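Read through the structures below before going on.
Here chain A shows up in two complexes: once beside chain B, once beside chain C.
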Partner chain A sequence: MKSLSKANLPQFLEALNQSSQVYVPVVVDGTSRFIPWEQGAELVLDKNSNIPPKYLFFPQTEDLYGYKIYKQSGERTELPSAMEPFVVFGIRPCDVYSLEVLDDIFLTKGYEDVHYKQKREQGLLISLGCLEPEATCFCESWGLNPLNAPTADIMMLDGGDQFLLKAQTEAGQKVIDSQAGLLEEFQGEPPVGKPCTLTVETKGLMERLQPMFEHAVWDEISRKCINCGTCTYLCPTCYCFDVLNKTRGEEGIKYRCYDSCMYPEYTLMAGGHNPRPTKKERVRQRFLHKFQYIPERYEGQIGCVGCGRCIVKCPVNLDISRVITRLWEVEADV
Partner chain B sequence: MNQQTARMREIARELLEKKEVEMVIGWEKGTFFYNSTPVFITKPEDADKLIWDDYCAVNFAKLLMDYRYLDGKVAVFVKGCDARGVNRLIQDLVIKREKIYLIGMPCPGMKDAKIAAKLGQEKEAEVPLEGKCLYCTHPNPVIYDVLIGDEVPVEIREDRFARIKEFEEKSSDEKAQFWASQYDRCIRCYACRNVCPACNCRSCVFDQNQDWLERAVDRSGNQFYGLVRAFHVAGRCIECGECERACPMGIPIMLLKHKISKDINELFGEYEAGLDPEGDLPLGMYKADDPDEFM
Partner chain C sequence: MCNCDDNHGASPLLPVVGKVIKIVEETPDVKTFHVTSDEGKPFTPMPGQLGMVSLLPVGEAMFSVTTQGPDHLEFAIKKAGTLTGVLHEIEVGQAIGVRGPYGNGFPIDLFKGKDIVFIGGGIGLAPVRSMINYCVENRDNFGKLNIIYGARSPEDLCFKEDLFENWLKVRDTQVHVTVDKGDDNWKGNVGFVPAFLEEINPTPENTIALTCGPPIMIKFVLQSLAKMNFQPEQIVTTLEMRMKCGVGKCGRCNIGSKYVCLDGPVFTLAELNEMPSEY
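The block that comes next holds the complex of A and B.
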């Protein structure tokens, strides 16, 4: 394990920034998110970002390809792919894990999403463990470790006046080696973290939910939902998108954009039929997708990483942890 | 338990026992001390879930829209802003007055849950009021069937147009830059629209296959969204501040709403929406002597 004096952090980031764009968590107009690092940036390292770093790999709006239309014919034009190596500094273990969930979604089952894949291959993750999880954090309930993200390239812990760094991949080791001048060997004991105070029972949840599609509890749970997209847009594992055209004259761009199962339009079919006509069906979809469909399709994978963003930002406190608790409480039969 | 809470439970239980209403909508305690969240009571024995505390900020007038086709009545607890929201729905012919039973809650102002979350329970005494409660002009319900407790004295802590007067001093460029940076962080979750009692259209222009507004989240699209919504609720906005409270990105949406209210006051005379379920709307009627400076 190596140590990096906090006083040397700007130098460390500047050195990294020479070869790859470094993204760091910073407050922009009251909202924390990962943006390109620049000298003097005030990093927010005491708590997780409001906007998950997911968008560095899967942006809310992303151009896919261009096209030209001439009356009855047309042609497709490739957009310049400007994907160069980048570093995400300070990503939390829950958000690292969310990328593993997205990997399953975008890269397995016989189809690879090239746009996601490119970014995933270019992005190096320097994760910061959480010594003191927030009151809304419950990653441990999903079996995750707030102090360690096994798939991060470098794992980092706050050791008071220094950061403790450990390379976990070859790429991570290269970074450590290249910055040897700023790092020292660390011999002491790494800091001990506090556990999450919010806990839910997740063992067997998928099996529990399998027969509950028609359960009356969905009506009860969904009543206060206002069907906005806050929870889905701030979720690090939600991945639904819509593919759309932006046509201007004879030219256009095919792009994709986050979509949300909370919106009636999401399932509206040509002809006007909507298989999810009310908030009950939509709220049920959100939770069953996370707790049942993803674990079923991706053999035991989880659809929620317990980051708590939806708990913090829901305007009506429709709390995912309380929903899970409620799903265990009710009688299983309809 | 405070007196209001006890009385709330008593009234709710009685209404449900006597089958005068099918449902009672109120607040229950949520996840943390700073969360009080909507609850829907249909059984008399569940009335004890109801609470009244410093964090009942959610205006659930809008939630009544889900129950407008119920056979029976729905009872709902209303603060000043909730009551104006209900008037909004009645005046817009969304719900019928005879289908709802209103239990008035004179409101001393609610505390800011976001700040409470940061300060923690030990420092709860330092938690200030919600921004929307500072400029509230009607803390007492303007319409109700029964009132719990006595009306509170009206104490306007902040002139609702104070921020506007300051803002009007800025140059056009400064204003444009300000709004560009504010709406640049909009994620188009539509929480502001979905929580708004004035946004009660059966079908919203923003949900119609992107014919009017593309889904791409960019500067022009986000501003188009913000502006269209602001103008669509002009003269009908009850200034409950729910849009700004609900916004996960902290966009100062009420600044837009207050500017429009101020302009309406100046152009068409003093008006506050949602005080009366009857009457004409300043932008929903025509008078021969309407100002026409723009002609």
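The block that comes next holds the complex of A and C.
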């Protein structure tokens, strides 16, 4: 394990930024999110970012291809797709794990999403472990470790006036080796973290939910939801997207952008039929997708990493941890 | 995972720029579009598979490929929304985007060696037709074909040339047509499809029933088939959902943990009975 003096952090980031664009968590207009690092940036490293770094791999809007239209002919044009290497500095273990969920979605089951894949190949993850999970964090309930993200390239812990760094992949080791001048060997005991204070029962949840599709509890759970979609936009594992056009004159771009299962238009068909016509079906879809459908489809994968963002930001306090608790409380066969 | 044997290339969302070479006006609100491209047929689907049709800059939507020729695909499209409204205004020669094929298609092996009852309603005959024509082209692999089709009125019957000429010439094939409401020239049956089906009363023995139509028709057809002792394993249908990507990524067309665009659109009733009823 290596140590990096906090005083040397700007130098360390500056050095990394020479070869790869480094993204760091910074407050922009009152909201913390990952943006390109620059000298003097004030990093938010005491708590997780408001907006997950998912968008570095799966942007909120992303161009797919260009096109030109003529009266009787059309032409599809390729967009530049060169992706430069980049570094995500300070990504938390829950958000690292969310990328493994997205890997299953975008890279398996017969089709690889090239747009996502390119970014995943180019992104290097330097993860910061959480010594003091927030009151809304419950990653441990999903079997995750707030101090360690096994698939991060470098795992980092806050050791007071220094960061402790451990390479976990070849790419991570290369970074450590290249910055040897700024790093020292760390001999002491790494800091001990506190456990999550919020816990939910997740063992057997998928099996529990399988016979509960028609359960009356969905009326109750969905009652206060206003279908605003905030939870889906802030969720590090939500991946649903829409495909749309923007056109100027005869040239256009086909792009995709985040969509949300909270909106009626999401499933509304031409002709007027909607398989999920009310908020009850839409709220049920959101929770069953995370707790039952993703595990069923992707061999036990989880659809929630316990980051707690939806708990913090939901305007009507529809708390996902309380939903899970409620799903265990009710009589299963009602 | 390797996907070199499909037609999607590097990105499954990229369309081929094709061309409309023929437009057939089936009914007042259904037109069949024949689509080809500079490289010939844009892709070669199995019966029941889907194609994403796009008209720039209006949008994209998923349709069943109702049949195909050596160099072209056919999409029978009902005027129902924004894109289909504009599609109904285009003329021969129009450039059009197509990508596919998507979905599982009809389970050919399940049908092999068996008699088949096709039950279609309205535009629901479009996907059913892909299987009928496949059986016609591979006639020796299948038993008797019994085609039962209904529409609101005589003018709403799709594929009239097939119904009243082409399919009648096929060996061991019967075509039964009904309308909800006749007109002065209509000499055929008047009545709803489920009752018509019970009147014809096909035997379930060594038979597969394939049905597609409006939800209300399907609901009663399934009841009729049950009455005639068809088992859920013998009943095949194809579903419709709003779709954007076609490859199980964009999220919206799921029924439980199945994606209609990838695991469907074709399901047996036995499979549907295991899934949440959210379609």
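Definition applied: the second predicted complex is superposed on the first by the 333 of 334 C-alpha atoms of A that agree within 3 Å, B and C clash if a C-alpha of one lies under 4 Å from a C-alpha of the other, contacts with A are read in each partner's own complex, and residues count from 1 in each chain.
Operating definition for what follows: a contact is a pair of C-beta atoms (placed from the backbone, for glycine too) under 8 Å apart; a residue touches a chain by one contact, two chains touch by 3 or more.
Bear in mind that the values here come from a model prediction, so they are computed numbers and not experimental data.
In the superposed model, A:292 makes contact with chain C only, not with chain B. Judged by the touch definition given at the top, the superposed model places A:255 against chain B, while chain C stays out of reach. Within the superposed three-chain model, A:276 lies in touch with chain C and out of touch with chain B [touch as defined at top].
In the superposition on chain A, A:61 makes contact with chain B only, not with chain C. Put simply, chain A uses residues 242, 244, 246, 259 to touch chain B in one complex and chain C in the other. The touching residues of chain A, counted against chain B in their complex, run 28-31, 50-51, 60-61, 135-136, 220, 223-224, 226-230, 232-234, 242, 244, 246, 255, 257-260, 263-265, 279, 311-313, 315-319, 321-322. Chain C makes touch with chain A in their complex at residues 1, 3, 8, 10-15, 17, 19, 56-61, 78, 80-84, 93-97, 215, 240-242, 244-245, 247-257, 262, 276, 278-279. Residues of chain B touching chain A in their complex: 30-32, 35-40, 58, 60, 62-63, 66, 117, 181-182, 184-185, 187-191, 193-195, 207, 209-210, 214-218, 242, 245-246, 248-250.
Partner chain C is touched in their complex by these residues of chain A: 64-65, 67, 69-70, 72-76, 105-106, 108-115, 213, 239-247, 252, 254, 256, 259, 261, 266-271, 273, 275-276, 281, 285, 288-289, 292-294, 296-297.
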